Structures are given as structure tokens and as C-alpha cells.
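Note that the chains are named A, B, C, D and E in the order they appear, and that numbering of residues resets to 1 at the start of each chain.
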Amino acid sequence: MNAAYAMPAGDLLLDVQGLRTSFHTREGVVRAVDGISLQIRQGEILGLVGESGSGKSITGFSLMKLVDEPGRTQADRLFFNGLDLQKLSPEEYRQLRGRDMAMIFQDPSTTLNPVLRIDTQMIEAVQAHNRVSRQAARARSLEVLKKVGIPSPEERLNVYPHHLSGGMRQRIAIAIALLNSPKLIIADEPTTALDVTIQGQILYEVQKLCRETGTALIWITHDLAIVSGLADRIAVMYAGRIVETGTAAQIIGAAQHPYTHGLISSIPSVHTRGHDLFQIPGSTPSLLNLPKGCPFRTRCYRASGQCEIDPVLEEVAPGHWASCWHKGLQP
Amino acid sequence: MADNSSRPLEPVGTASTQDEAPLLSVRGLHRHFTQPVDLIQRAGNFFKGRHKPQTLHAVAGIDIDVHGGEVIGIVGESGCGKSTLGRMIAGILPPTSGDIAYKGRSVAQLDAGARREYQLGVQMIFQDPFSSLNPRMRVVDIIGEAAVVHRIVSRAKMEEYVAGLMQKVGLDPAYRFRYPHQFSGGQRQRIGVARALALEPALIVCDEAVAALDVSIQAQVLNLFIRLRRELGLTYFFISHNLGVVSHIADRVAIMYLGRIVEIADTDTIFSCANHPYTQALIKELPVLRTDQRQFDPIRGELPSPIDPPPGCPFHPRCPHAMDRCKIERPLLKPVGESPREYDLLHGRRNVHQSACHLNDPGPMEKQ
Amino acid sequence: RDLTIALRSEPSSMDPQFHSLTPNTQMSETLFDPLVRTDAKAQPVASLAESWTVDGNVWTFKLRPNVKFADGSPFTSEDVLFTYARVPLVPNSPSSYSLYLSAVEKVEAPDPLTVKITTKGPSPVLLANLSMVPIMSSKAASGAAPEGKTTVELNRGDGLVGTGPYKFVSWKRGAEIVFERNDLYWGKKPEWDRVIYRPISNSAARVAALLAGDVDLIEDPPTDDLPKLKSDKNLHVQETPSVRVIYIALNQGKELPPGMSGTNDKNPLADKRVREALSLAIDRQAIVERIMGGSAQPAGNLLAYPGFGTSEALSKVAPANPAKAKELLTAAGYPDGFTVSLGSPAGRYTNDQRIAQAVASMWARIGVKANVETMAPPVFFKKRDSFAFSTYLAGWAASSGEMLNPLTALVHTKKPDLGLGTTNWSKYTNPELDKLVIGASRTLDDAKRSEMLQKAGSMVMEDYGILPLQFEMSVWAMKKDIRYGGRTDQMTLAQDVTLAK
Amino acid sequence: MLLTIIRRLLQTVLVVLIMSALVFAGLYLVGDPVAMLASPEATDAQREALRRSLGLDLPLWHQYFIFISKAAHLDFGNSFLTGEPAMQLILERMPATLELATLAIFASMAIGVPLGIYAGLKPRSISARSIMTGSVLGFSLPNFWVGLMLIMLFAVILGWFPAGGRGPVRSFGPIELSVFNWQGLQNLILPAATIAVAKCALIIRVTRAATRESLPQDYIKYARAKGLSNRRVLSVHLLKNILIPIVTIGGLEYGQVIAFAVVTETVFSWPGMGKLLIDSIITLDRPVVVAYLMLTVVFLALLNLLVDIGYTVLDPRVRLGATA
Amino acid sequence: MMVQQTAAPALAAHESLWRVFMAQFLASKLAVVGLVLLMAFVLLAIFAPWIAPQNPFDIATLDIMDSKMPPGSSTFDGSMTYWLGTDGQARDVFSAILYGMRTSLFVGLVSVSAAFLIGTTAGLVSAYFGGRIDAVLMRTVDIQLSFPAILVALILLAVLGKGVDKVIYALIAVQWAYFARAARAAAIVERNKEYVEAARCVSLSWHRILWRHIFPNCIPPLMVIATIDLAHAIALEATLSFLGVGVPVTEPSLGMLISNGFEFLLSGNYWISFFPGIALALIVVAINLVGDHLRDILNPRNEIQGVSL
């Protein structure tokens, strides 16, 4: 069970076990996150990969306690930096957000408040956690802006978000995340809305910063290719569960779960030219009526009767876990 | 020759002959967007000459030939004019200047019948599977409306016709009375494909047709495109910012930068020996699966504003090899590399590798 | 103590010679005095002229001595000359005062206390007319413009100096007009230190203001509220018969009037029997009781008895008799009735629309279907003046208080160039009546004139040339410690408002 | 910016020209001012004289032409009824309307915005639902009815406020205002409340809609993710965004109230411009009606411009004149 | 070849937009109450001649002696009871309310539908073509909006004469501009969506695109405006009546009944305006309840979630 594969606690920054977030809607209960477990050490980069709707963002929001109204979160164990997050008061949680645990959202054009200047949005983030003067907060903002490689940061502070390009805005968002030197940054698909060259720039900055500051990072994406070069470890999500997790090399090189196989081989490239792409049939199931047992079983090329029983995560190699009755390398 | 065997996608029915004219040929195509200057602003100019019309050169002179049965990939950063080009080709947007010729005849001078043939013959598939389908129409109407309007089928036969199309794109015809919101993204994109196919087009412009889809669904749709091409002998004008997708599907790739094509060549050529520094950078940035950690080393700078493009080579502010000349003189698209390859000679195609970069010119040193 | 009066409508100007209209006149009658004024019963009484004599066309007025204007300057015949000379000079006057001086040939001032007026012919209504033209101060009202002080200047109080019981303080348009006591007044000291007029045109709001205690006296409360106001112990209601008659005019022209149908292209209204039937069908008493809240009198004439020139015979109104009316209709050849239009202004006269509807429903009983067309007053008058109705309801105030006035305006054959039949929009014409009316207007002998007018009056009534409905009562409601006697001309004169004993 | 203003002014001039022509033609069709003004006993000659002296004997287009050429010199003619310059009559009454409208709009903002935000934050709560249902009533009951009911209740039955009229004023140069003394304010309260009831309902709805629109936006969630307190998120991030529609609607409604407070002013005998307008329409006092509407058009245009400028202040994304 | 597809399982087969819409609509009890109330009023209005004990429009049946009777009194001859009393014209208030509702609803519905039609056409055309056409149409709208409704009504009623139809013209003239603005705003948003481009791409004619593609998508915001405007039109008609330029006095609307009745309020004859007032308030609230809920469910945000709401 969960505890069985728990890594030795100790230098664990984040220790999540059995995290569940569900939405009670009129049609029924949507289990957006259905008992996932994550462990992150300091300075580690975790790639969280999965299809749209698999619950990646909700995982991030659950950790930040930012899940919207009908949503409810609970966990067997939710420790961050030695704190039991489930015991925190709302005010303590607010203190935590943005200070120890920061988040970067997907679309930089909607996350920055369009009617507030950049400096306002940065200064308030500093002042929300530190009793400092505006000047000091501003100075801090300037410093961080420089760190994320923004040219002429002084000018950028005085403009509104719409004056900036998408890449620039995302860098501002990264800077805001870094303002209070958090221990963990949750980046929810921060480059999906950006161009390849700009994405490259952002990845470069993030990689550099994580190395320099030792900040841990959860990088949420649906593109395995991105995290393969960035993350230390990768977790693959499907329908609210983690179906496979391991080091980047293990996942990319020796994926065990059929879903991971599908993800890997459906990526088009110049090498797949001239061949049909491998495709996972069907589409993402609705979380309202998942098939019994393994949720992937209706799309799985290895599915059998056994799959109607819930599979459990099993360690296939040190640090490499997969939850499938028919796990194995792709033929 | 062994090389050729790995090209199972060669269209079956449309083996091109030596002297066949391109299906579509674009010459000197421009598209400007102007904020018009009204009377009062002009009066204002009289005193203070400030209000020049702000002209945005979305497409600034493009020549390209599309041959029957091939897939041309257009790649470039956001805002470089890919969609504008695609829309002009599809006849939705009139060009500011330049000429589009369909089956050898200039579109501007077509008579009504031929114009209709062109308009129906070139169809488009859009990026956003959500906003490109009218949320208040049933699938059967979305797909069949135009075919009925253009008398391709009678109203009575429409359902049958639509059912056939749905089958063709892998949708269950039983769903034809549903509304778009009842479909998933991938299914919607198939509806879009069926809508385009309904008019029996020869050329389909795919504007970021898979960009909004998940990897697994993207694979399904890409496979569908390839299958349809094979079955129907379609020609694709495939626009994407994702070099990976383009490399998978396209025969030829054109790289656009700020409204111009900076490099065009066979897909293999582009990936094996990219000539333009921008192309090289793009290929380097391309995220690929790897088992090791990667050192990111991006090109600096951002795409300049098309309203106020840099003089000379538009890429020079970001180019690691920029020279003085690049700041003044805009390089022209010229053939590069060795003589046309065997394959091209065989097929009489003029799709030689071309690139617009001063580095290809014999430098002053060499000249001496 | 101050007196606050809620006016039904605001005066259009303070210039006593700009616009001849009741709201204006009641202001100028408070600020100024005419040579002769009319009392509450519309009889001429001495004002600035102590006495007068008439000799054919020449009238000699003896002016009251020691009268001072509010600014302290003495009143002399000079001021009378100035005043009368100014009348025709006032530009753009919407309703000119020259009407009242039209009979005057010349005005002379033999000495400071005598004024001699020569008329163009015998003018029995001269005194009544002169009462409408109050005397201004030649000193204060002289100015650069041809007319002296302009209307605009007077509106601001500049040159607005009279001999009246009150003097002008301020006027905020739409809000209030303030007068204060004129200590130099020659007559009886008025009761109030200051008089504040507040125009409140919505009648319900006027009542509300009185009930809320904001004002002391209101003009013209809605008739429906009268029972409640009368029973309110804190209030006092004054009802006074007025010189206004509400009537129905019937288009008696040869050709078919608009809005009429079912008559074989003839105009049944040209038939006296039909007119009589229509009159008999109307239950005037019911209208007075149920619509006018009792504050009106059924009318059988154009002016209430005992006004000058009214006959006692016509003071009783024949009761409604639908049966007889039906017979008359049948006799006239309309057993099944016919259809007419009944025009009425909306909100010009008290309860005008409702009366029109009531009349229509009464006519319906005898088979005459009347389509009631009510409309905003300007629209109504425009249509009426183009003969767009087959019948219409309107009102007339005999401002001079005698029969000659309504007879001249309403039933004399239309000769607008002579000022005769100006409001006769019914195409009624009776040469004999015309002769009588003209004769009366030239007769100075009161007895003889009265007789002629009575005869003329009876003539119209017997002709059913016009159907008078009721005489309005002028109504005032006030706090219980205040009394106002009321006036037939419907004016509210602050100087006549007193504290209750 | 300057160009935009000039362009707007030119457009306004055009609108004014068209509109005054329409009013000329319209009032001409309604009736004959002379028939309204002249004493019923007046002779034809007197009527003719009056007609001539008012310039009504000329063909309509000629009258219009004269009017326009005079208006170009800011002479808008004299009122038929009072002989006073029409524009002056209107301007005299403007302060009364302005203070009524301003108080009403401010009151409705002060009440409507918090209620609207509340209803938007807790859309399903009982109190939010009652707020919304209440606003339905305020929003769609005829204004005159509300006014009369307020009079009935507060003036007649309870006697707390005067039933109408303006009450004492305090002069500030040529401008007289009644807000600054207690009695004057008492007079102002009921009419302002009548207007505010309707406008408040509107503001509540706009605010609620904007709040509901803004709340699920990423920037709100992001603000929370930064660790900002709830108060700051609502009072800065949310409020600044919802202010944009509120100010737009508020500004436009303010214009409407000022321009056409006819009904309220009639019910409360409030000596403002609206009452003047209705009186002038009834008496066919064309110069006043035309001058009034010209003033209104210019005023509304200016207000629109101000709202647009306010827009650029509130929403930096909007550039003035970006959309011609 | 893979052709088999699984539809998103959450979707029941053949669920039409209309059914979804109805399901959503019925989900709100308040809105259902509003709708039921509204339907009841409409039915009462339609069948007024059969329900009402008296035809208050028929002047011949009115006897002035029966005016201002309190609720529950009977006619002079005892043949009929005035359950809600009579007004100053001796009309049975209950009958007058039924007939007045007929007039008010008729005026409201017809004027709003016509204004909807005219305004929407103008707005759509304006948005689709832009440029000159847009400028001209929108300036016309501006002019229209800077005219007070009362002036428009007065002029129109003067030119055309009085009558229910004339009031309707006046209301149309006043209201179309709002629809034009709203339709234009909505259509501009829609015009820039890809499905319009797609329709152009398959060479459909502009009027087809405008009416078959853009218009249906502009309906939700317009519907909301229409419901609000319906309440507004009824109120506006009442106001016009109050100012004396409304419907003919012989065919009173609810608004006219109220404003006539106010003259009697102070004198204690409350029923003359109270009951019509209640009826008007109920109608208006019912319309708004329906409209409010429409606004909620027609909100495009819910649209995306489709059935899942």
C-alpha cells in the first residue's frame, strides 16, 4: 500500500499520501484526484504528466488549498517542510502560500491582473508575507526580476501586463513566485501557451534557478518531451491517479505502464515520419463514470479480465513504481 | 532508392507527371493590416505629422508552389503570419497584393464557375475545435449545410451524405443529430475535417489543426489526416508551430519569420541540414524525449513587432551570427546546398532547398 | 406669519403686461393695482381710481391721492399713461394685453390725479377690461428698451414696483416666488409678512404637500380628495362658484364631420332634435356628484346665474331623460343612433377625460356611440382648430364675468378678423343671435344690455347650439386657521387670505 | 486623445444638427404654439401678430435656418412662453437636477456595489437571493409609482420628509444647492431615493454579474496563490476589475437621470430641468425644448467621453480612440 | 484501421439543446414559479373576455352612479358584485385589471418583439459589415438614445393619433436602439469566432452566415435583454399613461389604471390603484424571475460545460 513504497522520510520536503479531491456536482461526485501520493526532496524537479482532465492542475491546487467551491480535499498524510498542512488554519495556510510554496499558472495572459501594474502585483506579494516598506519590497522585486533574466527590469515594473509579451509575462510570474524564496514551486503548464523558442528560454531560466537556489519544483505538463530533459523524476497521471512514477530515465527508457507507452510513442517527430503514429484509442473518460477497476482498461491494448480489479502501485525497479496488472516494457 | 521505400505515403492516385503545373501557386503575396487614418487625423497631421497609418505587414511577400498530393508544412513563431497566409490561400482573406493561381489560373481573374471551383476546392480546418464549430447547429447541419447550399447533394440525400463523411473521419454516424458540445475535442476536430471534406476539396489548409489536442488525441487526428490523404489524394497546407508535428506529416517544410519564408526545403533536408540560423535554433529547441537531463540553451530575444520590423534581416537582433550587413540588407530566398537532389530531378519538382541568409553568400573573404 | 401657497401652475412671467393668464394675473394683482378692480363677484370696484364718470365715449377717472409705490415714489396719472402706452410695446407677448385696450382711442392726463380715456365707441366692458391692466411705476419701469424695463428685467424684479399690498422679493423658477408686505400700501394692511408661492402642478402632490403641512393653502385640490379633505379637522375647504363652464360643442356643419358614421352621409348634429336628444341624454347631476365630487353645478347656460346677463329661467337644468331623448332621435330618423367622435383634452380642465367618458357612456344609452379621443392639450387644440372632431369637450372662463364674453367667443358666427366667434369651432351660426350680441356690446345701459344678453342666451340654449355641462367650482383647501373667500375668476389673491377668527 | 475628443465633438455637432431638425419637425407636427399661447379671445390679427413676432410665420426650413445661424452664435432663442432666453431658463434649473441626480447615483452606488458583490460572492445564499428578488422589483416598477408610494408613506403618513419641492438652498455664486443644509437635504431625500431605487437595482445586477464573471478568473486565484489576504483580493483585485462595468453603467445612467428625470421631478415638483422639459413640451415651447435637447446631447456626449476616459484609467488595456 | 469511437460517456444520446435547456430551466424553483405565474397572467389576459364579469372597454355598460364603489359592493340593481370595487369611471376593477393586463402584455410583447426584430437586424448588419454602415447605424442609435421617450411618444402620438397601436410604435421607437446596441456587441464577439470563418470558407452567403450562424448565437444575451425590456416596456407604457400620452382612456392598461387610481389614493379609495399595482408588480417580477434564470443558464460559461451543469 501507500506506506509500502514511501521513501525514507527525512529530507522530504513534501510528503503526500492518499490525496483525494472531489467535486460534488449535480450529476455526481467527480473524483478529480483520487488518492495520489507524491514525495519531493529539496531541490528536486518532479514532472507531473498526463492527459487533459487527468487531474494535474487540481493536484497542484489541492496542495495550495486553492480548490474552487464544490471541491473538497483530504489526504492520509500531507506534510510539507515538516508541517502537517491539514492542521493549518486558513490564515496559516495563507501565510504559507506564496512564501514557502508558490505556484505558476498556465496562461500568463490571464494570471496577472490586467488592471494592476506589475510593481503593484509584485510589491503586494512581498508585503503579504514580510513587514517591509514599499521601497524595500520594490527593491526586492527588482532584484528578482534581474535574476530571471528580464532586460531593463526597472521599466517593466512600471507597466501593465498587456504591455508585455507572453514570454515576458510568464517570466514575471516566475519572478513573483521566487519573490519570497519558496521551498517549492508548482508550475502548472507554464510554457504551454508559449512559442518553442520562448519555451526554451523559460526552461533555461527555471533550470538555472532551481539549481542555484535549491528550490523544489513540480512541473505539470502534458508533454513528456519537455519534462524528459528537465525533471529528475516523472509521475504519469491518468484519471486522477498516478499510474507510473520513476526517474526520468526510467520512465522514458523503460516505461512499464501501457498508458505511458502510449504517451511516449504517440509523440510525432521526424523519426515517425512515414509511419502511422501509435495511438491510444478512444478519448479521456469522463471522471463521472470511470470503468470499474483500472480506469485505463477500456483503452488499453493489454487489458484483460483481471483489470476489473483495481491495480496497485508496485515497485518494478528501485524508485520506479507502476500500477498495472500487465506491466512491462513496450514490445 | 532504398530511401524511397520508406515513403509509403506517396499518394496513390496522383502520381505527378513531369510537366504538371502546381495545384496552387503563390507569387509575391502580401497582406497588410492598416489602422485607417480618418479625416480628422489627417487634419491633425496637417499640424503635427504624427498620425501615419500604422501598417502591420502580416505577410510580406511570399512565393510558394503547392503541388497536387503533397503536404507542405508551414512553421513559425506566433504572429509570424502563418494563419494570415493560410486564410489568404483559403480565400477567406483577400491579399493586399500578389497573386494566387489555382490550377494554373490566377484567382483574381477567374470567372464565376471557376471561382466556385477554387472556393470549394480549397478548404480549411481550424485550430480551435471549440470555437470553430457553431455551438447551435447539429453536426449533420454543420457538415452538410455547405454541400446542400452548393448543390453537391440534394437536401433529401444530405443525411446519407453526412453519414458517409462521418464514417470516413471515424465518427459514429449515429451521433449526427448531436450538438458540438456533446463531443470531445478530438471528435470535434473530426467534425471539422468532415465539414471540409464535404465539399470534395483538392487542397486543405490545416491551421494548427492539432495544436489544441492532447498528445494521444493528436496522434489519432494526425493518423486520420494521413489516411485521408492516402485515400482521397488530398493536398495539405499544414500550418503549425510545432516542428515535431510538421516533421511527422509534411513532405516539405517552409519556415516563416515575420511574414516571410526564411527557409524552405524537403523535410529531411530541413532536419538534416538546416541552413538558416533561425531554423537551426528551432530544431535545437524542439523538445525531444530523452533519458538524460538536458542543458537548455535557447536563442535570446523575442519576436520583434511586425508593425516595426527591424531593418535588414528581420532575424538579426536574435541571430548569433549577425554581421553588419544583416542590419542593413535583407537577405533574399536563394537556393542553397548542392544541385537538386536526385528525387527532385526525377519528379521534375523545383522544390529545391532555399534559404534567406547572408551567410550563404560568398563572404568578402572568399570573394577576394 | 408667512403664508405658503401651492399654485396649480407657475406664472410664465412677472411682467404684468406679458401674458394674460390667470397665474400671471393673480401675481400682478397682488403686486399692483389697476385703476378699477373687480371684486370676488366680478363687479367693478374702485382701486387706484377713487371714482369715475362716463360721458358717451369719454371716461374720466379721479385717482386716489397720496398713493405711494413700494419704492416710495408717488403715484400719479403719469404712471397710468406710461402703463397704457407700454402695453402694445411688449414684444413677443404670447397673449397680449392690447386686447383689453382695444376699445381705447386715447388716454389723457389733464392733471396728476385725473385720467381721461376716450373709447372708440360705446364700451360697456371697459371697466372690466381696465381691471386687467395694473398700473406700473413710470419711474421704476422706464428703461432703454422701447417698452422700458423688458420682460426679462421685470422677471428678475428689476422695475417690478407697484402700489399693491405686497412687493416682490424673489422668484426661483419652478421652485418658489416670494413676496413681502408693502408697508407703504394705501389700503388695509395685509395679514402676512411674507407670501411664498410654490408651483406644484401635480394635483396629488399638492394635496400631499398640504397634508404634510408643507404649505398653508392649495389651489384646486383634486375633486376626488374633497370628501376626505372636508372631513379632515385640520383643514378647511373653500368652494366658490366660478365663471368657468364646461361644455360640449357639436359640429353642426353641412358636411359630414370627421369621426362620424352610420348616418347616411348626413350630419345629424345639424338637426336640432338630435342636439336636444344628446343634451337630454346627459345626466349632469350624476357627473357633478360622481365625478366632480359635488364641487360643480349642473349648467343650463354659459354663465352661472346670477352672473350679469344670465336669465333665471336657465338656472334650472332639465333632468336627464333618456327615454325622451330616444324618442327625439327616432323622430329625427336615427332610431339606432349613430357614431361620433368626442374629443377631449387630457388634463386641461378638472377631470376632463373622465367627464368625456361619462358623457360617452350616457350617450351610449340612447344608441349614440361616441369614440372618446383624449389627447395632450396642444394636440387637442390643434385638432380642434382644424375641425377634426364631430363633438368635443372644452371649457370656457368668462373672464369679464358677464354673458357677453362667452356669447361672443363661443356661439357668435365665426368672424375671427373681428374677434367674434374666435372659439366657435362648432360651425354654429344664428344671425339673430349675432345681431343681439353685437347690439349688447354697444349698449351702455346695463338693464337693457342684460336683457339683450339674456335673450341671446336663451336663444342658444333653445337651439341646443352648444351643450353646457357644468359650472366648475373653484376650490381651495387650507389649514384650518386660514380662510380664503374664493373668487369666481379662480384667482388666489394672497391679500385676501386671512387668519380664521 | 485630443483627436478623439475633437472627433467626438464633431460627431456631437452632427447629432445636434440632426436632432434639432427632428425636434423642429416633430413639434411642428404636434401642434401650433400660437394656439396654446394666445388668449382664446384673441382676434386673428392678434394671432397673426404673435405668429410674426415669434417668427412662426416663416416656412419651417427657414425658421430652422434662422435658429441654426443664431445657435452658431450661442443664441438659442427666447422661450415662447416666458420671453426669457431659453438656454438661461435651462441652466438656471440645472443645479437642481444635477444635485438630485448626483445624490441618487452616489446613493445607489454606495448601496448597490456592496450588495452586488455580496450577492455575487454567495450566489446561492438566502440573503443574496432576496437581494436579487428585491432588485427585480426596484428595477421594473414604474418610477412614478415608487415616488408616489414614498410620498404616501414618508411624507403623508409618517411626516418625516416634505412631500415635494426643493426647500431652502445655499448659494455658491450662481449655483444654488440644497444638499448643504438639513432642511434642503430633507427635501432632496425622497426624490433621490425614488431614482436610487431603480438605479440601485441596476447597479446591484451589474455588480453581481461582474463579480460572478471575475471570480473564476485566473487572476483572482493567482492573487490567492500569492498568499494575499481575502480582503486584499476582494478590495483590490476583484473591485478594480468589476469597477469597469460599474463605472460604465453608472456613468451612462447618470447621464440618463440628468437628462430625463422628468417623471421624478414631476411627482416631487422638483424644480429641475426635466420638469421644465415636460412643461415646455406640453406648451409647445419649442426654443426651450430644442435648447434642452441640444444641451442634453452635448452633455451625454461629454459624459460618454468622460466614461471612456475613466475606462482608460480603470482598464489600462483600453486606449482612447482605439476603436473608432 | 481504428474507426471505432467511444463518445464521452457523460452524454446521453440524442440530447437536444432544447431538452438541456428545459432541464436547466426547470432546475430553478424560483424561475418555474415565475414562469407559471407569467403563463397564468398571459392566460388570464387572453381569456379576459370570457372571465371578466364586465367589459370595461364597453362604455355603454358603465353607469357613472356605480363609480368608486369599495370592494365587495354590488351594482345598483344587484346583478353583479364588484369584488375589487370600481374605479372613478364605474369600471369593475377586477375586469379592468384583466383587460388592462391584456393591453399591457400586448403592448409589451408586441413592442418588444418588434424592437427586437428591428434592433437585432440593425445590430447584426452593423457588426457584420462594419465601416460606413456601422457608423451610420450606430449614430442613429445614439440620436435615438438621446431623445427622451416621452418626447418621442408625444410626437408620434400627435402625428399618428392616439391608440394602443400608436403607443406600440412609440415604444418600438424608444426600444429598438437598445437591441441594436446589444446585438451589435454580441455579434462582434461572434463574428470573430472561428466558426464564422469556417462558414465563409465553405462559401456561404453573407445573409446565411448572419442569420443562420451568427444570429442564433447572439440570442442568449438578447433574450435576457428582451425579458428585462418586456418588464420595462410595461412600466414605460404606465409612465406614458401617467404623463398623459399613453393608451386611450377608454381602453386602460394596467399602468393607466394605476396612475388614474392614484388620484383616489389620498381620498382613501385605495383599491382603484392598489390592485392594478399588485398585478403589475407580480407580472414584472414573474418576467424578471424568468429572465434572471434565463440569463444564468444562457451564460456562455455554462454553455461550455453543456449538459454537465
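Operating definition for what follows: contacts are C-beta pairs under 8 Å (C-beta built on N, C-alpha and C of every residue); 3 or more make two chains touch, one makes a residue touch a chain.
Heads up on the chains, UniProt names are A = Methionine ABC transporter ATP-binding protein; B = Peptide ABC transporter ATP-binding protein; D = ABC transporter permease; E = Peptide ABC transporter permease.
Because the structure is a prediction, the values reported are computed rather than measured.
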Subject >> Common touching chains of subunit E and subunit A >> reply: B, D
Subject >> Shortest contact path, subunit A to subunit C, counted in steps >> reply: 2
**OP:** Report the inter-chain centroid distance for subunit B and subunit C in whole angstrom, where each centroid is the mean of the CA atoms.
**Re:** 88
Original post:
Hey, how far is the Cα centre of subunit B from the one of subunit D (ABC transporter permease), in Å?
Top reply: 54
**OP:** Using mean C-alpha positions as chain centres, tell me how far subunit B is from subunit E in Å, no decimals.
**Re:** 50
Subject >> Rounded Å distance, subunit C centre to subunit D (ABC transporter permease) centre (Cα mean) >> reply: 38
Original post:
Residues of subunit A touching 2+ other chains?
Top reply: 279, 281, 283
Subject >> Contacts with 2+ other chains: residues of subunit D (ABC transporter permease) >> reply: 30-31, 148, 152, 156, 216, 266
Original post:
Listing for subunit E: what residues touch at least two other chains?
Top reply: 2, 4-5, 8, 154, 158, 262, 265-266
Subject >> Interface residues, subunit D (ABC transporter permease) side, partner subunit C - complex >> reply: 30-33, 35-47, 49-50, 53-54, 78, 80-85, 89, 92-93, 96, 148, 151-152, 155-156, 159, 162-166, 169, 176, 266-269, 271-272, 275-276, 279, 282-284
**OP:** Give every residue of subunit C touching subunit E within the complex, in rising order.
**Re:** 203-204, 207-208, 211, 222, 224-228, 283, 286-287, 290-291, 346-347, 353-354, 356-358, 360-362, 364-365, 369-376, 378-379, 382
**OP:** Going by the contact rule at the top, pick out the subunit B residues touching subunit E in the complex.
**Re:** 87, 90-92, 116, 119-120, 123-124, 126-128, 130-137, 145-146, 149-150, 167, 170-172, 174-175, 177-179, 181-184, 187, 192, 195-196, 198-199, 220, 223, 227
Original post:
In their shared complex, at which residues does subunit D (ABC transporter permease) touch subunit E?
Top reply: 11, 14-15, 18-19, 22-23, 26-27, 29-31, 129, 132-133, 136-137, 139-145, 148, 152, 156, 209, 216, 259-260, 262-263, 266, 277-278, 281, 289, 293, 296-297, 300
Original post:
Which residues, counting only subunit A, touch subunit B once they are in their complex?
Top reply: 51-52, 165-168, 195-201, 203-204, 207, 222-226, 228-230, 232, 248-249, 252-253, 262-264, 266-270, 272-281, 283-284
